[in-house]
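Order of writing sets the labels: A, B, C and D. Residues in every chain begin at 1.
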Amino acid sequence: MDAIRFEHVTKRYGTEEIITDLNLAIPAGKFFALLGPSGCGKTTILRLIGGFEHVDSGKIFLDNVDVTDVPINQRRVNTVFQYYALFPHLNVFDNVAYGLRIKGVPLPEIKHKVIQVLAKVHLEKQVSKKIEQLSGGQQQRVALARAIVNEPKVLLLDEPLAALDRNLKEQMLVELIELQYELKTTFVYVTHDQTEALAVADQMAIMNDDGEIEQVGTPKEIYEFPVSSFVAQFVGKTNLFKGVLREHCGDFCFCVEGLGDFGVVIDSAKMTACEGKEALLSIRPEKIEINKEEQLGFANHVCARVDGMIYHGRSTEYLLIVNGRRITVFEQNEEHFARDAIVEGDTVHLYWQKENAVVMER
Amino acid sequence: MNKRAYQIFWVGLIGIFWVVVLAAFLYIPYLGQLFHARSRSISIFVWSDMVDPRVIKEFEDETGIRVFVNYYESNDELLTKLRFMRGAEYDLFMPTHYMVGTLIKNGLIKKINKAKLDFWHELDPRFLSPSYDPNSEYVIPYLWDIYGLGVDPHYFANKKFVASWRMLFEPPYDYRVGMTNEPREVVAIASIYLYKNMRMLNGKRRASIARLLFNQKKFVEVYTDLATDSLLTSGACPVVLAPNSAIHRARKRVLWPSFVLPQEGTVMAVENIAISAQSTKDDLVYALINFLYRHDSLKNTCELSGDLPVMSGLLREMALPYLDKDQILGPYFKSVRLIRPLMLRHELFEFWLALKSY
Amino acid sequence: MRFLRRLRLPLFVSGVYALLYLPIVVLIIFSFNGSTDSHTWGGWTLRWFAELFRTPEIWVVVKHSLIVAFSAMALSLVFGVMIVCSLKERLDRFASLFYIPILVPEIILAVGFLYLFSFLKVPLGLQTLIVAHTLLGLAFSVPLLHARLAEMNAYSVEASLDLGATKWQTFLYVVLPFLRPALVSVGSLAWILSFDDFLIAFFCAGSSSQTLPLYIYSRVHVGVTPVINALSTFTLLVSCSLVILYSVLRVRLKEII
Amino acid sequence: MRRIKQAFLYRLTYFLATPAFLWEIVFLCIPFLFIMSASVYLQGRGFSLAAYKLILTGAHMRIIVRSLVLALFTAFCCLVVAYPVAYFIAFRARSWKNALVLLLTLPFWVNFLVHVYAWFFILERNGIFNKILLALGIISEPLHMMNTLFAVAIVMFQVYLPFMILPVYLFFEKFDTRLLEASLDLGASWRQTFWRVLVPLTMAGAQLGFFLVLGMSFGDYVTPQLMSGGKTLFVGTVISDYFIINRSFSLGSAFTCISAVVLIGLMAISLGLFKLVAKGAK
């Protein structure tokens, strides 16, 4: 079942079309992430769900009920805002109790629920503090508590962790996942940070700069099988090659000018669409084996010259040049002392399996 | 020296420094006077509508004496300001007759030197040696005003009009009246209406005058000294209590307002010229006074303000179509009394305040 | 229906503005009134403006008013900046006390000034008006400048000192520019309070220091003459053009810098 | 000499802070003391409460109460009207914002007296308002508006309205509109959002404006004098009359003190009310 469904939604600001004919279904009970570059309109989608903006055409369904013209305060949807938007004149308790008070819930029940939800976000000690006395992470938790205490059908999170430092961010991510698991509420999480999205989401959508959805799927699907170069580049790092797809004795091969032919695995439906046309090949840097000596058992092979190296701790990033093209390769730092250390200027051999390369139309 | 005392010393020093700076700033005018006495200029304090700016201008052009003109709107304002400044600011002012006694008592005006006045013989003797200045020692009568009813004849085209204060205090028809905002005048006129005389009010008289005015208040549109003339011309009030000067001004715009002197008799106000006791510029002041009384300047002033000159000869020359000059200069003059307060000042004030507190 | 509901607020606001400007528009129209009687309409004319410029006494009192208004404005700004910058957050507790002079009815202040000046035998003149109006100006300048300064990022002063500026230079190039918007609004408020003040001037102005409101009051007694209307139109025109000039200049300056 | 200079620089804070405080002391505190002492001092009799005895009679108290009611009414009307206007300017006016704020301040540039007097042309018997109504056929006889309490009230409302809108607007300007969205998002209606979020957070501006208008209209001299036709007295006119016309300083001071006490009392009460509204709104 879909928690939220967009049908042919278009939104304009003035003459500028932010979202054009959007169709999107967000499954119920899942942690759904909406990933896109800054300014692509993902926040607008969130605001449309929340009811802060009105669509210019199309319909929005919440639990299969048309909510296109339902005002904000009557939608069972709550938002955790990017800058928290906590009420400065109320303390932590009153902030969290706000929605319940509005609904006219009796006071003992409010108290019970608020304390419960504050415990969930580990803020039971800050109940009567003022907002300005809290740290950024604590404010974030108050904003979260304030939203979930209302038991919304859908919780919208608008880049909620953007203002936090890295460690806090990771900690909050884990807590968010646990919270979602516990509550089983649909979370819609908007972010421009792919690591966040990959970490939290059960299901995710990638938006491009024009406000179009490029791909919807599980994080793994998205990462392993991007449908477009945009997705491939935006989610993780990749090496892209332009070339032409050909069939050769039942094997598929991808010809890149100046590099040679590479074997790829591809289903026949895609083959018919792509054959003979210009296409793109994407190989993730960590899928490429780098070695100074020649190796056996790999489908594809090129020689390259090392142009630079960046040490990342858990891995090393090699910047390589093959026939004037740049290729990036990650290698896990498995041993304390690697075999023959690769240094700048060395010539190395690169290998990858044909299953690890993805062919895309655009 | 211990630390605390040191601190206090400095704070005190800084405080004193600023106090001295402030004081120096406030007393600048005194310093200015020390260095150069004011040149050929005089400062006069006059009714806002009684001096024609053109006359002053002519005087300045002719003599080269600079005249600073300041205005007041009531005799009480004049007295209060003079008292606060001990009269030092002005050389000449223009009190109404009922204020003259107080000014003399307070030592704010000095005796005039009639020898320096070249028009004394022209003044109407009826205005000389009045009760408030028995030997005409202190003030020179300048202009006078007679009070009556300003009437809109259109309203009374089909209604009967009686030349009586009744039209003002107990209107026979349903119309609104305009009053002046000077309790001295109103109470005096009420007394003339009820008792045909102006004696100090005893308890009984005071009560009946209070009743009369309270009842009248329902019909009163305004108690004001502002622009009485426009009340008549705008049609808001068909009957107003007004000095003739107000009618004079009204008739500059429209020709129909008429001025009626009630048969019960009426009151008048005489404006006088007085010289400040502090003035040190006698020559300049007398030059100005003589200039003000010159026929052409007096005529200009009267033309502008509508007040009557105390020179009967000049009065007869003037074109005053709304006023029966023979009537006011003839036997009727006997029933025209000088306005005076019929109660003590405080009593009159509280009386007026009570009337207006409802 | 929804369209109408959307228009409700803008319509209400334009109604309020219409009410605010009703007397002013009437005033402007009547300053071109050809009739001598200020209460009836007698066709368009410019003669009141001609008369306005031929009446020297008006310009004397205008000059007085301008002197008083500018001095009071300057004093209240200078004193305000001085106290705000020296006490900083120590002023928190007192800042709102400075509002008292404008919350107290002006008439009470005026009477108090009269007592004070007559007790100290201070000669009444422009300088008494200036100090009196400075009190009113301080009522705006101290709390508002204080609030503005509190918004200032404390690090910018430290940054300036770190970059080698002296305290005085920091004040001149960092603090003062930051205060500028507040200085402009406070300054214009203080200026207007002083320029418009009738009651205090009524009690505290000396003989040679009549101000414009006093002059107007004395003229109103005879019935507002169209010359006064013309004067009001003229001041409005001048202030409008000053405001426009200021905003244009500000834009220009921004472009240049 | 150098030591003195150094010591002086060390005391610079005192030096700079003194003038403003000096002004408040010399021109605010001392005059108040003068007024208070004058109210209990009768010439020739020394200390006496006779002045208060006279002032506390019916007529005077009636005047004070009437001024108070009028001032409250004015301030309240201004507050009610100012809120939507300030809201519009702050949140809806977009590019018109600066112009609208500027337009609020422009009326101040017309002299207050002239501003008030202009209402004569509008309200008088054959003034603009009556002429329009007559021409439209709404009334057959000119309405009697000039020289009534209605005229005083409407003029006060009109001239003091900007003093209310401006402070309220200033606090709206500081207000974070995202809080409105947050509140609506949490299920509050517009009305609830208004009372629970907008009002508590802009209360300080409303208070400032309210007290400003209350104080100014309570002691106003010009408006009642010109618009009521002198038929009814208000605090401002009476205080002025006591000093200028009656020259009775003890009575005038006593009246001033009592009106000030009443005004302060009222301000304290309304401060409590404001707090209550903010609290109740929670």
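The criterion applied here is as follows: contacts are C-beta pairs under 8 Å (C-beta built on N, C-alpha and C of every residue); 3 or more make two chains touch, one makes a residue touch a chain.
Note that the structure is predicted; figures quoted are calculated from it, not measured.
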Chain labels contacting subunit A and also subunit D: none
Relative to subunit B, chain with the most remote C-alpha centre: A
Inter-centroid spacing, subunit C versus subunit A (mean Cα positions, whole Å): 57
Between subunit B and subunit C, centroid-to-centroid distance (C-alpha), Å: 34
Centre-of-Cα separation between subunit B and subunit A, whole angstrom: 89
Interface hub residues of subunit B, defined as touching at least two other chains: 22, 226, 234
For subunit D, residues contacting two or more additional chains: 15, 19, 26, 124, 126, 226, 243
Chains touching one another, given as label pairs in label order: A-D, B-C, B-D, C-D
Residues of subunit D defined as touching subunit C within the complex: 12-13, 15-17, 19-21, 23-24, 26-28, 30-32, 34-35, 38, 81, 84-85, 87-89, 92, 98, 100, 102-122, 124, 126-128, 158, 161-162, 208, 211-212, 215-216, 218-222, 226, 235-236, 239-240, 243, 252-253, 256, 259-260, 263, 267
Subunit D partner contacts - residues on subunit B that touch it in the complex: 10-11, 14-15, 17-19, 22, 74, 76-77, 79-80, 83, 181, 217, 220-224, 226, 234-236, 345-346, 349-350, 353-354, 356-358
Residues of subunit C that touch subunit B when the two form their complex: 35-40, 55, 57, 114, 117-118, 120, 122-125, 127-128, 131, 206-208, 210, 214-215, 217-224
Parts of subunit A lying in touch with subunit D, wherever the complex brings them together: 50-52, 71-74, 77-79, 81, 83, 85-90, 94, 98-99, 102-103, 146-147, 150
Subunit D-facing residues of subunit C, complex: 9-10, 12-13, 16-17, 19-24, 26-27, 30, 38-39, 79-80, 82-83, 85-87, 97-116, 119, 131-132, 134-135, 138, 142, 188, 192, 196, 198-199, 202-203, 212-213, 216-217, 220, 224, 228-229, 232, 235-236, 239-240, 243, 247
